[in-house]
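Structures are listed in the sections that come next.
Two complexes, one shared chain (chain A), two partners (chain B, chain C).
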Partner chain A sequence: MTGPLLRIEGLTKRFHSGGGLFSRERAMIAVRDVSLEIARGEVLGVVGESGCGKSTLARLILRLIEATNGRIVFDGTELTALPASALRAMRKRMAMVFQDPYSSLDPRFTLARVLAEPFRVQSRAMPPDAVAAMLAAVGLPETLATSYPHQLSGGQRQRVGIARALALRPDFVVLDEPTASLDVSIQAQIIALLADLRDKMGLTYLFISHDLGLVRYFCDRIVVMYLGSVVEVLPDTKAAPRHPYTDALMRSGFAPDPARRREIAPLGGEIPSPFALPAGCAFTTRCAFASDRCRSERPVLSQDPAHPVACFHPL
Partner chain B sequence: MSPLLELSRVSVAIGKVALLDRISLSVEPGRILGLVGESGSGKSLTAMAAIGLLPLIGGRVTEGEVRFAGRDIAAMSEAERRALRGRRIGFVTQNPMTALDPVQRIGGQVDIVSRMHLRLTKTAARARTLDLLTQLRIPDAAAVVDAYPHQLSGGMKQRIVIAMALAGEPELIIADEPTTALDVTVQAQIIQILGALVRDRGLALLLITHDMGVIAQICDRVAVLYCGRLAEEGPVGPIFAAPAHPYTAALIDCIPQEGTARGSLRGIPGAVPSALAFSTGCRFHPRCRRATGLCQDSAPPLLPRDAGSVACHHAGAAP
Partner chain C sequence: MSAWPAPMRALRWPVGGIAGAWLILIVAAALFAPVLSPYAYDAQALKEAYGSASAAHWLGTDEFGRDLLTRLMYGARTSLSVSATAISLSVACGMVLGAAAAWFGGRFDRAVTVVVDLTWSFPEILIALILVAIIGPGTTGTMIAIAVAYLAQFTRLTRAQIMTLKGETFVEAARSLGAGNTYILLRHLLPNAFAPVLVAAMLATGDAIILEATLGFFGLGAQPPVPSWGGMMSAGSALVFKAPWIIIFPGLAVAATVLAINLYGDALIAELDIRSKLRGAG
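== the complex of A and B ==
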């Protein structure tokens, strides 16, 4: 089958807060008009600072939350229009690995039970030896089947999270900062495991991270988000940034090499409150190139398929 | 220059469990020492030992001594140690919320440090607080002093904690993973601020991190810790150019860089064991690519090497 595995169009999520007796209701847009495609077998990276909407985007795609607007088309089928029963069947082809391996596993369940759970939810018979096979696939000994999550290290727990996500042999996996709470030594192990699993099982990944260096190492294309919007799509890992924000992200990382020490020119300004975004480009408060036009008009993502960017004065 | 903080063969235990084994390090004024290692390697305990806070967690120094400006802190009274902590040593923790009182306004929390340790009046302390916040590039400091912690972003809160650490005009700052929970853009700001403080005021800085990128960016020397023991210590230039200890090399190799070939990072196999399950011989041997029978049987001593020291039976550049 040809065509992208996943296509999203104009996806938007608005959250409301407050509105009680004493506080005025406020609305914020966590994800604004996001459109993108993921090809089969691709690893698409999503990068951006804390609060920019990465996890919300992931939850929208898996329909764990409802979009305010927009369409999600998975393997030719529009999910947003699907009745509940058909959606459930579709859902087993999509899975998610969560950011925090400490809270994402039920502490009362043994690993055998944790790994049987996806089968139970889908009312599917679990093949014999499935637990041992799943543990082996993520490099864990079978003997851990009777252990509880609290008996594992962070890295082991995240391996269990990956095994659980792959239990029903999905085609598409959303990885939401799967290594953010781990040491770099364990992060590298987990990334290597994810790469091996992709090759073996023909998986397609949406990989979320706030670490541009890691995303550039692991992903094929990279979506850069800022305050809910996609501001740039890097067509490959070598592409030079065209958006001033992407450029700032790249300059913020430190190479493990004192010979390449650099004069740090940190991004000035503060991130505006998501409840009170500037009228024009959301990045104006921190951008060295901001012009009057930037302050009054919101730039949209260029339709340039080679390298889309949302900026009036791209680099 | 003589060191401001010096740990000489310091061992630490909690109850019967030995957690740190003969750690030696020193920090000089105007210099930054990085302390690096995976989670559980003993970095925070080393910091606790350095400021005499082990009793707080039921720990104690079982061997060796900690000297501040030449004085053994074990020989000081608790009152002297307390004065030392707020006044001459500033402490920045990983989680700013543990240092900030959620129900008190920011201004009062910073003011109290200089009122207590510098005996400033209320007005003088507030002026000093505003000055500090401005120096730390906190926008609209006059409004921030009236805010509560939850109203600030993580990066702002961390800068407030740095302001509190600086308020007593310390000579030494100990920062325990000050940027681990922050975005890279904010991390870059905080690291720049810390670097400038050392350069401009001649502060000594003990910077704890698990990120070799941060070490390479601002530290003068680095001490690598594994399972409560020093693996390697020395100036950053030679250590990054040719790490002698396999653990140091492995930590550096975990970080993807410009040009790192896809699929080439494998990480360090296994994980840091708990203190109850430290290996015999070299504690790193179950995870070490260079390990031999000798490594299983005997612990490598920490020996001088070039301008630093290293503890490995097969020290040298990777083959």
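== the complex of A and C ==
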């Protein structure tokens, strides 16, 4: 069992809107030509602003939406070529934790039913004490089994979401901003829980977030996306940014330590409409280093395996 | 949240309780009419015709001397059973159509939507009249006519519900676990769409009682001598000045029952907290 657990090649998703009686059809590229590898046991972070395509990328990888182009290879099996029934069977090896813990649980399901669902849809017998064990694994009391989601706090619901994702002991879990809707104090608990479960179960994570600080704390490698494209892959959490966008992202964060508090550098310029991307680098409208070449030619991700960056003027 | 189901909790509202009590009374009267009623509904006593309220006939008698209270109870039987059966039929078909339209989308959805919007733009009474004219008068004809007249409403409401629910994260979560279409539709979408449809069905039953009475008034409903509230009012309309009770009591029965359904429905909507969801019904 060597090689990456997951490899994606040239993944592209184009969305169409309009085209009815009353509007002209427009196309936007949500994810453009993304290639990545995730090693077994790795935590790969994906950061970017809202609308940069990171959640779309997550759904493409799990084939919750179909890609326009590209290949996804999971542990030697090409997901993009799998027929529906084989894909459904494959789903027990991959799972997803969703951003919004309020809508990710059916309001009419008790927690016991929520946690039994993975077994049920995969036609697997559920061990009699499984619900209690799953609740315990995410730090919830067994007595909650008969509760409904509305009786739980956001943090508790997200724990249920995690327990459901891990019910069938998957190898690979996509975490789509699992802490973005939670209070800061709860965020830390959830991240600690996710780290603990990864160690215990040998999981591989794709961790999506807009919080670069959080990603730097939790992930091994970090993919930076801007308007659907990967602009940089940071090989480790301490690597200095080479793309001006990553640099700007890092410098626009707030430092909690007042002694280290400094001038923050908000990004200027406008984000271009995803329906009308510039011909060259998508970041030119906001970049201090943009040259004529940047405006006319699109930089591709360099093949430098140590630290790939898609920029003509890397830092 | 209390342990009582919402329909019981709605009875604790002052207005909901009174309305609910009236409905229970009317349903009981309809169900047990043969046991409770003092006379047979077609027992004529021409000597006692046009009698006003008395100890023997609490609500008086009609032009054939038949006991009005008895006929009112049997009339409740006709009105309630026709309306409730028609609406049940309408809900069942509407849920299947609406769910299928929302689920499959594409051309099927567009076809259903066009037909629904078309029928939606006609008053229910017009649709019902045309259908009764085609099928022929009688209880079966009225039942089918009422069912079709309200079909658009339930199709539309169910479709709107399923469309909204389809985008919920828990549906995506089920899919990510490997759930198939049938499972998602039956376990997640339809159960969540059910409560608003049920309340809309209840409110529509009130309208259906009026529609049934209207068809009965035109002589298109239950055929004599079987009593219906609409038919009784029709007979009484010619005798408004001679024996006003013949038209007044069935009229009051229709008004009170429809009002009670609406008031109880309001309490139920408040208890279930689904006011916003019902907007899909227009």
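Here is the rule we use: the second predicted complex is superposed on the first by the 315 of 315 C-alpha atoms of A that agree within 3 Å, B and C clash if a C-alpha of one lies under 4 Å from a C-alpha of the other, contacts with A are read in each partner's own complex, and residues count from 1 in each chain.
One rule holds in what follows: a contact is a pair of C-beta atoms (placed from the backbone, for glycine too) under 8 Å apart; a residue touches a chain by one contact, two chains touch by 3 or more.
Predicted model only: the values in this text are computed from it and were never measured.
When both complexes are superposed on chain A, chain B and chain C sit side by side without a clash. Shared-chain residue A:Ala248: touches chain B; no touch with chain C. Of the two partner chains, chain B is the only one touched by A:Glu270; chain C is not.
The partner that reaches more residues of chain A, of the two candidates chain B and chain C, is B. When the shared chain is aligned, chain B comes close enough to touch A:Ser153, but chain C does not. In the superposition on chain A, A:Gln122 makes contact with chain C only, while chain B stays out of contact range. In the superposition on chain A, A:Tyr217 contacts chain B only, with no contact to chain C. Touch criterion met: A:Asp106 reaches chain C, while chain B stays clear of it. In the superposed pair of complexes, A:Lys92 makes contact with chain C only, with no contact to chain B. Measuring from the middle, so to speak, at the Cα centre of chain A, the directions to chain B and chain C differ by 80 degrees in steps of 10. Between chain B and chain C, the minimal CA-CA distance in the chain A superposition rounds to 15 Å. Chain A uses no single residue to touch chain B in one structure and chain C in the other.
Within the complex formed with chain A, the chain B residues making contact are 38-39, 137, 139, 153-154, 156, 183-189, 191-192, 195, 210-218, 236-237, 240-241, 250-252, 254-258, 260, 262-263, 265-269, 271-272.
Those residues of chain A whose C-beta lies close enough to touch chain B in the complex are 49-50, 153-156, 183-192, 195, 210-214, 216-218, 248-249, 251-262, 264, 266-271.
Note for the complex: chain A touches chain C at residues 59, 62, 64, 88-89, 91-92, 94-96, 98-100, 103-109, 117-118, 121-122, 150-151, 161, 164, 168. The touching residues of chain C, counted against chain A in their complex, run 1, 168-170, 172-180, 183, 188, 191-192.
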